[in-house]
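Two complexes, one shared chain (subunit A), two partners (subunit B, subunit C).
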Partner chain A sequence: MTFFTAFWLLPMARLALFAADGREGWAAYLTVVTHPRYFESLVATVLLSAAVTAATLVTGGLSGVFLSRHRFPGRRTLIGLLTLPLAFPGVVVGFLVILLAGRQGLIGALSQSLGGSRIVFAYSMGGLFLGYLYFSIPRVLLTVMAAAEKLDPALEEAARSLGAPPLRILLDILIPGLMPALIGAGALCFATSMGAFGTAFTLATRISVLPMAIYTEFTLFADMAIAAAMSLVLGLLTWAVLALARSATGAGVAAAA
Partner chain B sequence: MTRSVFRFWLPLGFTLLVSAFLILPVLLSVLAGVTLNWQRGPAGGLTFRWVAEVWGLYADTVLRTLLLAGATAIADLLLGLPLAYVLARHPSRKARLMEELIMLPVAVPGLATALALIILYGGWQSLRGGSVFILIGHVLFTLPFMVRSVLAVLAALDIRTLEEGAASLGAGPWRRLLTVVLPNARPGILAGALMVVTLSVGEFNMTWMLHTPLTKTLPVGLADAYASMRLEIASAYTVVFLLMIVPLLVLMQKAAAAASGGR
Partner chain C sequence: MGGQPERRTQTPLAIRVEGCARTFPDGVRALDRVDLDIRAGETLALLGPSGCGKTTLLRLIAGLDHPDPGGRILFDGEDVTALPIERRRVGMVFQSYALFPNMSVAANVAYGLKIQGMAPDMRRARVTEMLEMMRIAPLADRAIDQLSGGQRQRVALARAIAPRPRLLLLDEPLTALDAKLRDALRVEIDQLLRALGTTALYVTHDQAEAMALGDRVVVMTHGRIAQIGTPYEIYHRPAGRFVADFVGLMNRIRGTLSGDGVRCPGGIVPLAAAGPSHRPAGARRPGDGAPVEIQFRPEDAVVAAPGQGHVRGTVTASFFLGDRVRILVEGVGTTPLTVETGGRIDPLTDATLAAGAPIELRIQSAPLAPEGEA
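Coming up: the complex of A and B.
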């Protein structure tokens, strides 16, 4: 606990005070959420993270339910492949997106050989979206699979035998049953996307998402007070999302890796 | 049982598509790492030249990363085992709060933690310039995983009753620790240590802010290579990283399954 106090609580407290020590005093916090430049990057980050969360929940949810409901040869291998990226840090994910959609990427080469122009979107919002999606799918998948295993398949069987169409089963049984897992995984996905520095570092050369904005403020403009205020706002935001999800589901939200 | 199109084949196709999205770029990077010239494609010839070049340029980052991961695991054991033990023996509101508190560095982005460390301790040159600074960051970030892993095993065992049994038979505190607590916590310790090492090897968000040109780790070197090296070298370096991290991941998942009761 001493270690934790000395190297996390104290530095964090100092960070909060430091932000207020700058040119603008406590108003630095106000600036961070009102000044157009910072506000824009905040909004862009929130929107991007929300979009990634929605897309991840749909893809990870569908695949997760499928993998937990069916047994077939090669299933274990497939799960192994799907969870392999768990250990990749954000920087590596960023590079993988460059290999897919960068200037020398696969998508560009394919689109060119099909007679079109070279499609390159690795360094735009699309690239970031793809990267965050890549990062989040394995995590959501595992959570959904674990929850779906515990959900009684007899419920679905009963509904099906009573003539419920697949959509009804999805809406009335699967989604409510998986709700805690979906909320937990969604919150985690949102929080990691908000703070994803590694992927943004390799891809966001032209767009300003929050972690990049903090980094630029820190290194380029050396405006430490603003950087401190922004990272505190970011930290509070991600923590609040996770805490909210936890109190909503009552279960522990597994931590991000 | 026949498999319906809607319930089996369509979702299977979708899942295969998702796994292709996840695996294809990895294969691309392996291929690019051994291709003579990526512009001309793999047909233009294969080579280990880039891998060798990466080794020459970045071998020190590989070594430092491994040492750092080992040191992180040891520090986590020294700090985390006593904490997990106390939390398991005395479950209370205060214990829950403490568990929540040490989770904070995971919930808050590493960038913010790193900035806070730099602002408070950055002026202290001998600390700022060394690998110990990075070690502190890694321990903050990984400690909760170690504590949770050990705590889960200890809680499932009802370590309290076991210890009371040993004590009633006349075993002293040291004897109980060495013959009852530690052997029983072993699966949790192993799973936790492997997880910590995997996390430490891949940690970038904090390390990028805390490193100095003399204390580069592998992921930091990767970012460096992505920004300034040709695609083939960046790919070859990524392959070196994958060769380290993937076996760790597999071991970690095996250990975690064993710790949670062989499921």
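Coming up: the complex of A and C.
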């Protein structure tokens, strides 16, 4: 309890007051959601995180179900490779995206050699999307695999005996059965994307996502009030999504991303 | 069961399993070239110890798994080996119930009908009929996790029979239930299978269940079929030691043939006790002095008054089981015997059944086999 107060409640309160202490007072919060520049970066961050979450759930979910249902040579190695990004800090992930889709990147070289123009998207939303996807998939993959392994395979077999084709089994049996895991993994994925800084720091030179905006306000303009207000808005939004997920699953989804 | 008996809507299906083996990728040969005929409309009980390949055989017939090359599964003469389970129209009941947890009882039962594309009002009528038949109509709107084990298995049965499958496959459906419930549901399943007239394969490792439910019983061991026969045949004319011991207790007394009896350490058992119908088919009677073995079930021996018995031995222990008393006897043959008598004797107070007391037995019917056989 003391620990909680000292390391969480106190800084949070300080942060909240910080924002209110600035030039604009409590209006700093209003500024964050009304001023076009800040608001745009807020919306962009939310949209990006939502898109990453959706894409991760589809790819990670499908491959997780596949990997838990099939045994084949090289399966362990494949899982090892797929979960490798968990070991990389965000900055490294950003660097990898630059290697892939940057000005000297593989994709650019490939598209040029195919006679097209040099495709470069590392520094756009596309690059961020790719980077976030890269480190989100392993989390979803592992969660879905664990949940799918616990699902009684007889459920699927019973549905098949009743004549259900694969798509119906996916919709009627697998997705409902994996729902708690999907919601939990999705919430964590969303939270991680909202707050990811390392990757954004390497890639977001031309675009503005919230963690970058906070950093810029803080270091460049020394506008502590706005930075603090944005931090709180970011935190509250993320927390709200996690809380929503928690109540949807009923079980505990760790609020720490 | 409870409601109207189901009308037969189709002639029952005959199944043939031809040379079906199954070797798993890790090299385990779970099934060893099995041939089997399931007659149209019969309930065939598949009995055997854990790991003998019962589930493997059931899954081949279901279409959940496929036999090694060369094996064939025929439904009414039609080769369905390559047909996946979705197209075989079989109903399945699992030990783990496998009910869809995200659907209500009624939705579970309706699932197969929905997949078939049955019109909603017909579907509702059929679901009601099934729920009444399984006596779970009041549970229609319940969630699965609000049901007891017995209720779950009733739902699973209703779900399996609702689409009127051509074949019903049940894999140890009662194993997860407690003894009393198991007995009650066993009787109901028996009545259900008879009312439906559907061909059924019932997998179990419980010999009592197999004998009560099966028109015929298949006894399996180590991926092979040891014997196929009516419950009476496998109990009283077991095809080998394994079957004899698996479907119940079998006593064996070794002795030598002498005149009209078999001489053993405890006395002489008259050959008349071994009814002719129990002698292995085609077996010639061995000559005098030949080593032979007498086999009999616990209930085939009775405790005799002193001087009236065929053989004499010593009680080593006796157990009161409620409906009967089980007595272990030594000194008759080389191995101890187990005999049973009615439950109106209390072995704790009756000195004639105390350990060490002398006991005489009459053996009423016993097959005779050359030693080492059967």
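Note that in this section the second predicted complex is superposed on the first by the 248 of 257 C-alpha atoms of A that agree within 3 Å, B and C clash if a C-alpha of one lies under 4 Å from a C-alpha of the other, contacts with A are read in each partner's own complex, and residues count from 1 in each chain.
Please note the rule applied: contacts are C-beta pairs under 8 Å (C-beta built on N, C-alpha and C of every residue); 3 or more make two chains touch, one makes a residue touch a chain.
Remember, it's a predicted structure, so these values are computed and weren't measured experimentally.
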item: Fit or clash between subunit C and subunit B when superposed on subunit A; value: fit
item: First (subunit B), second (subunit C), both or neither touched by A:Phe135; value: neither
item: Between subunit B and subunit C, more extensive residue contact with subunit A; value: B
item: Touching partner for A:Leu82 - first (subunit B), second (subunit C), both, neither; value: first
item: Partner chain(s) touched by A:Gly163 [first = subunit B, second = subunit C, both, neither]; value: second
item: Partner chain(s) touched by A:Tyr38 [first = subunit B, second = subunit C, both, neither]; value: neither
item: Touched partner set for A:Phe121, first subunit B, second subunit C, both or neither; value: neither
item: Touching partner for A:Gly177 - first (subunit B), second (subunit C), both, neither; value: second
item: Superposed arrangement (fit on chain A Cα atoms) - minimum subunit B/subunit C Cα distance in Å; value: 5
item: Residues of subunit A contacting subunit B in one complex and subunit C in the other; value: none
item: Interfacial residue positions of subunit C with respect to subunit A in the complex; value: 25, 62, 64, 84-87, 89-92, 94, 96, 98-102, 111-112, 115-116, 156, 159-160, 163, 165, 169
item: Subunit A residues touching subunit B - in the complex, by the definition given at the top; value: 1, 3-4, 7-12, 14-15, 18, 59, 62-63, 65-67, 70, 72, 78, 81-92, 94-100, 104, 106, 134, 137-138, 166, 191, 194-195, 197-198, 201-202, 211, 214-215, 218, 224, 227-228, 231-232, 234-235, 238-239, 242-243, 255-257
item: Subunit C-touching residues of subunit A, taken from the complex the two chains share; value: 71, 152, 154-155, 157-165, 168, 172-173, 176-177
item: Contacting residues of subunit B [partner subunit A, same complex]; value: 6-8, 11-12, 14-16, 18-19, 21-26, 28-29, 32, 38-39, 79, 83, 98, 101-113, 115-117, 119-121, 136, 139-140, 143-145, 148, 198-199, 202-205, 208, 219, 222-223, 226-227, 231, 234-235, 238, 241, 245-246, 248-249, 253
